[in-house]
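So, here's a batch of structures to check.
Shared between the two complexes below is subunit A, which has subunit B as its partner in the first and subunit C in the second.
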Partner chain A sequence: MSDFCMPSLGADMEKGTVVEWLKKPGDRIAKGDVVAVVETQKGSFEVEVFEDGVLSEIVVAVGTEVPVGAVLARIDSGEVATVPASAPPQAVMPSMPAFKPAVVPPPRPAGERLRLSPAAARRAAELGVDPRGVVGSGQGGAITLADVEAAVAKTARAAGGKTRRGFDPAAMRQAIAGAMARSKREIPHYYLGLPIDMDRALKWLAAENARRDIENRLLVGVLLLKATALALKDVPELNGFWIDGEPRLSSAVHVGWAISLRGGGLMAPAIHDADGKTVDQLMAALRDLVVRARTARLRGSEMTDPTVTITSLGERGAERVYGVIYPPQLAIVGFGAVRPAPAVLDGAVAVRPTVYATVSGDHRASDGVSGSRLLVAIDSRLQAPEAL
Partner chain B sequence: MSTAPRKTTYREAAREAIREAMLRDPRVFLMGEDVGRYGGCYAVSKGLLQEFGEERIRDTPLSESAFVGAGIGAALGGMRPIVEVMSVNFSLLALDQIVNNAATIPHMSGGQFAVPLVMRMPTGSGRQVAAQHSHSLEGWYAHIPGLKIVAPATLEDVRGMLWTALEDPNPVLIFEHVQLYNMEGELSPAAGPVPIAGAAIRRPGRDLSIITYGGSLPKCLAAAEALATDGIEAEVIDLRSLRPLDDATIMASVARTRRVLIVDEGWRSGGLSAEISARIVEQAFYELDAPPARLCGVEVPIPYPKHLEDASVPQAESIRLAARALVRPA
Partner chain C sequence: MSAPASIDRLRKILEAVAPDLDASTIGVDQDLRNDIGLDSMDFLNFMIGISKQLGVAIPEADYGKVTTLAKCALYVEQRGGIG
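What follows is the complex of A and B.
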């Protein structure tokens, strides 16, 4: 018997809410099966198990918020327990049962003063929300704190398109704020940059795409991804985590790919073993990841596994980006837009398609010379696109 | 001696508290109208005259001003008097002693004299003893600096507050609600002194805070039980001390629930409920989702007929309806 616990889906996560059980007691489960959906400040994630067995007991009911590490369910693996029994999870906050006002108040006549409870007014100000238009459920149709929060959640769902589960942009902003403030507080960053000539890579890409169906075409981002993953095998000191005061390098390269969300906010879920995947596999993985990130269908492990992050601004936008490292990772690699730029070739100035690559490194774990070697390695990989 | 909790009543627990104080400290004595031979008009002191004798269980003439004044003098002289007044209504005859003497002597003497006087009095309605014996005037006394006002609403509190009050150098008034005397429950034989300061959360809840004390506590707990079947979780706060008030517990609860109902058998105008409501608005305005609500005694002299008496003060059902209206406005 072992415990299935609330996972930590990021450095900034303290607690989570089970919003759905996908397995029931008695179900057989295999390693990698998704058993539950957990909601955090960063949205909802599918959480998988890491062993085979039978789900014997669900400990935490849907809607209950518990701290990281709390036992969610018990798995009978057919072996003698090796995990010490934990204390039962302490509910942080039982979720409120939804209730509707018995009567929906009629729209307020123009000019009438807004009936807004003091607590709701303060929350609306904190969230930067205009309370006009929020339907009140309180006395005389007054808008309560819960009404404000429900309206914000509804707006976020609408903005997220097909997002089927809770996503709170204010909470995500808080989560990003926490992680980024921690990064800048704790991690002494160094920054390096290198313009990379993309002429050969783009020509190879154009030729490759010319013989492909539209749906199988490759994007330049996938070349940057593969080149970076391979370069990290050459410069392993930038791939891994800073834990307990020392670097823990990773032999696997799981690249976190930064994805901006339409409702606001940012995620960087993992593409596992990116160095070993073909460009076609990476392209498929990237497409899948973007869709799932934007519909809140990511898995918990995808949030915790990245050993490095890439932030790529795509075809429009700024020329260069110096990223903030996502703790406890050791580095973040940035790519600006690919654009024509003057370059010196054979002693003459020529206009070449150029991408400005950067690396932000954790100076506790590595020195600038490593970051410099990484950029040079990325450059040399991109000069041989056919080998990617 | 067995340590298993045993069945007892509020009345017996009050008597046990007096017995313990008499046994622990020879300076303690009980004084009041009919406390000796008759055993107290609510039978709290029954049997104590036989146990402790006339020196320490003293029947007094029918003059509240005289025997409360004598109690103050005894306290000044180093004794630890427990003065029982038959009903809070009768204590008005001793207002001068309580307000002008007991509450002010420590101040007027520049701190040279303490007044470790304890007064016990029944308060409240529900026994069909009509308008001159049934009022709830503890809120008045809670207005007076220099006094401490407590209202034990549980067996533990009525058993434990007396000794702590006797230890206090200030005059302490203990208000015992007449409907509580027959309340039955279990009490550990080891039950002893409890703090007289601070409120207690008698039932946790998330949807609203019901703030009450004394005889209204069991009604509020019954209302909370009924509300729970309706999906409304009420937090019930027993004030215990009416002066000083425990602002911290009140504000923390309001910050959790955002709605508050104050239940007070006393009259609404200028009452204790008004004071609590004002403090919440002053200190926790931005935590509120609705204006603080009050359920108080109807502003009439308490009627004699039972149905009218019942209708004149908050009951479990009216508390339930008021709480429901606050959480789920129609």
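What follows is the complex of A and C.
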């Protein structure tokens, strides 16, 4: 038996509220399954489990706010693990229903006089409802099956509006305030910038897009993303986390892509193993991520996995951005808008499409020379767009 | 001047690609990027929606001609896209 706890979905999260259980006691769960939707200051996220087993008990009911680390549910992993590896799959399946009788109404604390019918108790356990919060309409205030279901429907309605429609902008502001204040308090940033000639990259992109169907067109941001991910393989000391007073570099490059939310605020969920994906795969991943960020369907792990962040201002707006590192990451890479700018080519001034790339690095973990090497590596990758 | 029906269809496409927007409040002459806040991904998805639903594929080189709902409707109508 193991505990499934309220995860920390970022440096800024202290507590969260379960707004939906997607699995019920008795359900078989596999590593990576989404079992609950948790609401935080930054909106709601899908939370997955990291082991195989059976959800044996829901401890925290829908609508309850608990601190990070609180036990949300219990997972029975032992019985699954005892199945011999050599057993044929069909031998495993029939044993599944045997797990279900283990699901019983949670024991009530001694001394509490709670009257509820057995059917109501069972339903409450299935739905993850704490009967102590349900108003009984039966004889002597006893809680009936209908009372439990009515309470769930009410909670779902209350949570539903907020969950699906996004988030509370004031809470989002607080979350960003917490993380950014901590970053500036704890992380000694250094800042570097390099204008990068985008002539080749844009010409390659225009030719690519002209011959592609509209559904398969690429955005310039994908080239910046891939170039940065590859450059981080060359300069690994800016990829990872600062934990317990020392840098912990990551061999995988999970890029947190900053997505601005129209209601206010931003998020930077992960694009996993960005260095190993093709530009088409990155485009698909980016499209998926943007849609899910806007509709509050991101996974919790996507918020904690990034080993670095990229903030790209898009095709319009400011020329350069010096980002604030998202703790405990080691760096943030910024790209301003691509715009025509004077450049010196072969001793003469020419107007070239230019993007101003920046890096903010954690000076505890690396020195400016590393950040400089990273920018040069990004530049050199962007000069060979066909190889991205 | 474009027919209101054209604008309505474009608004529906816009709402599908940006569900967090209330497209009914977007003025026909508002700049979709600068005023409404569509980013490059939203805008590309809007172009894809127009291509799929109205049958007009807008080349990248023409993005500058479709910066507002009114301009977009005109562009699509001229290419026989909206009945």
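One rule holds for everything that comes next: the second predicted complex is superposed on the first by the 301 of 388 C-alpha atoms of A that agree within 3 Å, B and C clash if a C-alpha of one lies under 4 Å from a C-alpha of the other, contacts with A are read in each partner's own complex, and residues count from 1 in each chain.
Simple rule for what comes next: a residue touches a chain if its C-beta (ideal position, glycine included) is under 8 Å from a C-beta of that chain, and two chains touch if they have at least 3 such contacts.
Predicted model only: the values in this text are computed from it and were never measured.
Visitor: For A:Thr144, select first, second, both or neither according to whether it touches subunit B, subunit C, the two together, or no partner.
Guide: In the superposed model, A:Thr144 contacts subunit B only, not subunit C.
Visitor: Classify the contacts of A:Arg294 with the two partner chains as first (subunit B alone), second (subunit C alone), both, or neither.
Guide: Touch partner of A:Arg294: subunit C, not subunit B.
Visitor: Answer with first, second, both or neither: which of subunit B and subunit C does A:Ile214 touch in the superposed model?
Guide: After superposition on chain A, A:Ile214 lies in contact with subunit C alone.
Visitor: Between subunit B and subunit C, whom does A:Gly347 touch in the aligned arrangement: first, second, both, or neither?
Guide: After superposing on A, A:Gly347 lies clear of both subunit B and subunit C.
Visitor: Counting only touches as set out at the top, which of subunit B and subunit C does A:Glu315 meet: first, second, both, neither?
Guide: A:Glu315: touches subunit C, not subunit B.
Visitor: I'd like to know which partner A:Gly245 touches here: subunit B for first, subunit C for second, both or neither.
Guide: neither
Visitor: Which of the residues in subunit C end up touching subunit A in this complex?
Guide: Checking each residue of subunit C against subunit A gives 18-21, 33-34, 37, 39-42, 44-45, 47-48, 51, 57-61.
Visitor: What residues on subunit B touch subunit A, complex-wise?
Guide: Residues of subunit B touching subunit A: 206, 231, 258, 285-291, 326, 328-330.
Visitor: Where on subunit A is subunit C touching in the complex?
Guide: Per the touch definition, subunit A meets subunit C at residues 166, 206, 209-210, 213-215, 217, 219-221, 260-263, 286-287, 290, 294-295, 314-316.
Visitor: In the complex formed with subunit B, which residues of subunit A make contact?
Guide: 94, 96-97, 99, 101-103, 117-122, 137-140, 142, 144-146
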